[in-house]
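Some structures are shown below for you to check.
Paired with chain B in one complex and with chain C in the other, chain A is shared by the two complexes that follow.
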Partner chain A sequence: MDAKLKKELIQTFSERLSQAAKMYLENCSRCGLCIEACHAYASSPETRYTAVARAQNIRRIYEEYFKKGKIAKKLNEAVEFSDHWMEKVYETAYTCTGCRRCMTYCPFGIDTGVIQGIAKMLLITADMEPKTLEMLADMSIAKGKTIEKTKENFATAAKNLEKEVLERWRSEGGEEVVPLDVQDANVLYVALAGKHSIIPAAAIMNAAGEKWSLSYFEAVNFGAFVGNPAKTKEIAGRIIDEAKRLNIKEVVICECGTAYRVMKHMTGEKPFGVITLVELIARYLEQGRIKLDKSKLPGKVTYHDPCQIARQGGIYEEPRYVLNHLTDHFVEMTPNRQANWCCGGGGGLVAMGEKDFRMKSAKVKAEQVKATGAEVLCTACENCHTQLSDLNEHYGLGVKVEYLSDLTAKALVQD
Partner chain B sequence: MVNQIFYVITVPMVYLAVAWCLVGIAVKVARVVKAPAHPFTLKVFPDKDHPVPSAVWGALSMPTVRRHNPTLWVFLILFHLGVVLLILAHLDLMPWFNIYPADSPNMIGNGAVGVVVTAAILYFLLRRFASPLREISVPADYLLLFLLFCIAMSGDIISWANSWSENGFVLTKQDFGGYLNGLFHFSWDDPAATIDGGHYVVLVTHVFLANLFLMVLPFSKIMHTFFAIPLNKLRRG
Partner chain C sequence: MSDITPAKILDLKGLPCPMPVVKMSQEIGSVNVGEVIEVHTTDPGSLSDFPAWAETSGNEVVDTEQGGEFIKIFVKRNN
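Let's look at the complex of A and B:
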């Protein structure tokens, strides 16, 4: 590795040294409590899959460049940047899903997600980041710049969805079925590219008589997956600008955990509220604006708490509230809520492919699902849904993997 | 020559170590305080209604350790409480600080606190030799615990072996009190003049190792003393 790149890497590292990052890097006592917390280690007990080993890959660089004393460096196993060590950095970045379960085991609450963030930024500096993620992030940004030209196509595509939305909920008033550009709407709904993310939500909001508008942009934030804060902000910024332009009350994020965390917690103060679709559905049920028919969902149903809305967002009870309107046969998986096992697909792993690692590292998840004896495995995150579907197939779990929104839309009572 | 070395260890080096330690801690804390705040929240949900008290309680009572490794938790609590008691016990040696009666020959706890702390350190040290902890430990982890073990052992020898001689206590609370009080008032007196006998060399060893510990403290993970609460606060929001 040449001296110039080393210098750039040190610079990148130093820019990431917030108070929190410094404290995380300097205070791990290597007590090992976080070892058992990680689904990857629990599924495949190799030391490199523990939170502390992943953090040590970064901490040892920190010891070299940000601490003094020759002896201290030796005793703390400081390492210099090298091509070989960058492989370890890659491991820290892309064998971890950023689920932050380990943080709930650590006596100090060290957030491996923050350390992973440093690893991802170092990879970008060394031009070693997964190119798929970088490309997807750049495409999202490009779309923000050319939106005026593509608006017409988008409107046509939205129109084409009407028939399927109407199958779920036949509105009478003759209002727009999939409305776009609605000034002063209560809700700006931000979906994913794919009709499965639009149709159920549209039917539910129409059933509730909501004044809503569909965003031109997809919620997913590849900038966050690749770990580039500038791109993350730019991608989220497209939606923030749109919401401001339309004077929106609340931005509702579809079933995409990362998009929610970025919009809710990582992009500063905004003049509108940010909630998930799940919260919106729970609210409609509470206000009696929609009714659900329990006979539409037979069999035992269980729920997977997506890390990014649960541990990282506190949305625990709303999905259970909705499920209790959908079925009398809801069973919890163990552990659940804050202690739930990550599905193993977060942090960009699903978007990157990585199927072998995803299957190997999520054996505990498969076993946990199996132990519930449920026939339907429901969740509220696109990434989790993909990963759980892959696990279902790989481990022969024999469950139906469903989105909470889809189950809701299918059970809407038209009276 | 030996007497001179002993004097350097028991008087000037103590001042140096304490000053070094305090400056080191101040610099380390200042570096963190000066760094920019993290750009987004790091709390874990469900969030707490009272983040500060729950961060303090979380740091001091270590509920996550209790839940996930109860044995370690028992030793950690014993060890940390022991350290607090030992700090008090050292202050109590001073003639003007009387938790134990001024004329008692013993330190607070009659030596039992030291033994508990030694046992806990030994546990921390031994468990590091077992996999998978062994793979994630670095040399500094072992050395720090070994240093602490030696400090605690030499302390135990002073407080226990001390009373095993036929004539009762060789060195008493009052003897140590005189030494510490001299340090406190910058008398620069040689403690060898008042504390005498075969145990003096153990005392010098204990002081030497403690000096070393104070000097490495700012560079070691013992800095968690100052960061455990702020770290827990991040998680509590």
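Let's look at the complex of A and C:
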């Protein structure tokens, strides 16, 4: 590794050294309470898959460049930046899904997400970040600039979804079924590219008589997956500008955990609220604006708490409230809520492929699903849905993997 | 109907996020420069995603078609 890159890496590291980061790098007592907490280690017990080992890869660099004292450095196994060590940094960043389960077991609350953030930024500096994630982030940024040219085509495609939305909920006469550019709407709904992320939500909001508008942009933020704060901000900024332009009351994020985390927790003060689609559905049920028919969902149903919505966002009860309106046969996974096992697909791993690692590191998730005896496994995050579908196939779980929104839309009582 | 003759047809219907763009970026190298891939998708978002991806990768969306059972996007490899 040349001296110039080393210097740049030290600079990057120092820019990421907030007080919190310093505390997380200095306070680990090596108690090991986080070891069993990581799904990767629980599934495949190799030391490198523990939270503490991943953090050590970053901590040892910290010791070298940001701590004083020769003896202390030796004792703490300080290492210099090298090509070999950057491979370890890569392992820290991309064998971890950023699920933060470990953090909830750590007596010091050491946030692996912050340490992972340093690792990802170092990789960007060394041009070692996963190119797929970078490409997707750049596409989203370019979309912010080219959107005027493609709006008309998107509007036609949204209009073409009418029939499928109406199959789930009949519209009131004269209403737009998938409305765009609605000034002063209560809700700006931000979906993903696929129609499966638009149709159920549209049916539900129409059934509730909501004044809503579909965003031209996709909710997911690959700037966050690749760990680039500037890109994360620019990608989220497209939606924030759209919401401001339309004078929106609330931005509702589709079933995408990362999208919710970024918009809710990483974009500062905004002149509108941010909620998930599952919270909106729960609110409609509570207000009696929609009713659901339990006969549409026979058999045992279980729910996977997406890490970014549940452990990170604190949204535990709303999905259960919705499920209690959908079925009398809901069974919890064990453990659940804050202690739920990560699906193993977060942190960009699904987009990157990484199927062997994703399957190997989520054996414990597959076993947890199997133990419920459920026929339907539902969740509220597209990334989790993809990973759970892959696990279903790989481990022969024999469940139907469903989106909570789709189950809701299919059970709407038409009155 | 488009009168473009594609070198390849890529079926990306019903894939989860972000697979359509990922697959497109993987497949573009499988045709020659100047040739066109005809993409079949059911994603409304692809109509904005693919032109944006083409912009960043130096390729080009030369035509789109809607109204049938699925959306068609014609992507020309430019480099």
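The criterion applied here is as follows: the second predicted complex is superposed on the first by the 415 of 415 C-alpha atoms of A that agree within 3 Å, B and C clash if a C-alpha of one lies under 4 Å from a C-alpha of the other, contacts with A are read in each partner's own complex, and residues count from 1 in each chain.
FYI, a residue touches a chain if its C-beta (ideal position, glycine included) is under 8 Å from a C-beta of that chain, and two chains touch if they have at least 3 such contacts.
This one's a predicted model, so the numbers in the text were calculated from it and none came from an experiment.
Student: Classify the contacts of A:35 with the two partner chains as first (chain B alone), second (chain C alone), both, or neither.
Tutor: It touches chain B, and chain C stays clear.
Student: Once chain A of both complexes is superposed, is A:147 in touch with chain B (first), chain C (second), both, or neither?
Tutor: A:147 sits against chain C, while chain B stays out of touch.
Student: Looking at A:382, would you say it contacts chain B, chain C, both, or neither? Reply first, second, both or neither.
Tutor: Only chain C is touched by A:382; chain B is not.
Student: With both complexes overlaid on chain A, does A:211 touch chain B (first), chain C (second), both or neither?
Tutor: neither
Student: Which partner chains sit in contact with A:245 here, chain B, chain C, both or neither? Use first/second/both/neither.
Tutor: In the superposition, A:245 touches no partner, neither chain B nor chain C.
Student: Looking at chain A, does chain B or chain C touch a larger number of its residues?
Tutor: Between chain B and chain C, the winner on chain A residue contacts is B.
Student: Which stretch or stretches of chain A touch chain B in the complex?
Tutor: Listed in rising order, the residues are 17-24, 26-33, 35-37, 45, 47, 50, 52-53, 56, 67, 69, 72, 74-77, 100, 103-111, 114, 229, 265-266, 310-316, 338.
Student: Please output the residues of chain C touching chain A within their complex, sorted ascending.
Tutor: By the definition above, chain C touches chain A via 14-18, 20-22, 25, 42-49, 51-53, 55-57, 64, 66-67, 71.
Student: If we count contacts the way the header does, which residues on chain A are in touch with chain C in the complex?
Tutor: 132, 135-136, 138-140, 142-143, 145-147, 149-151, 153-154, 156-158, 160-161, 191-198, 216, 218, 220, 222, 256, 351, 382-383, 385-386
Student: Sort out for me which residues of chain B touch chain A in the complex.
Tutor: Its residues touching chain A are 28, 31-33, 35-42, 44-47, 58-59, 62, 64-65, 68-69, 72, 132-133, 135-141, 143, 219, 221, 223-224, 227-228, 230-232, 234-235.
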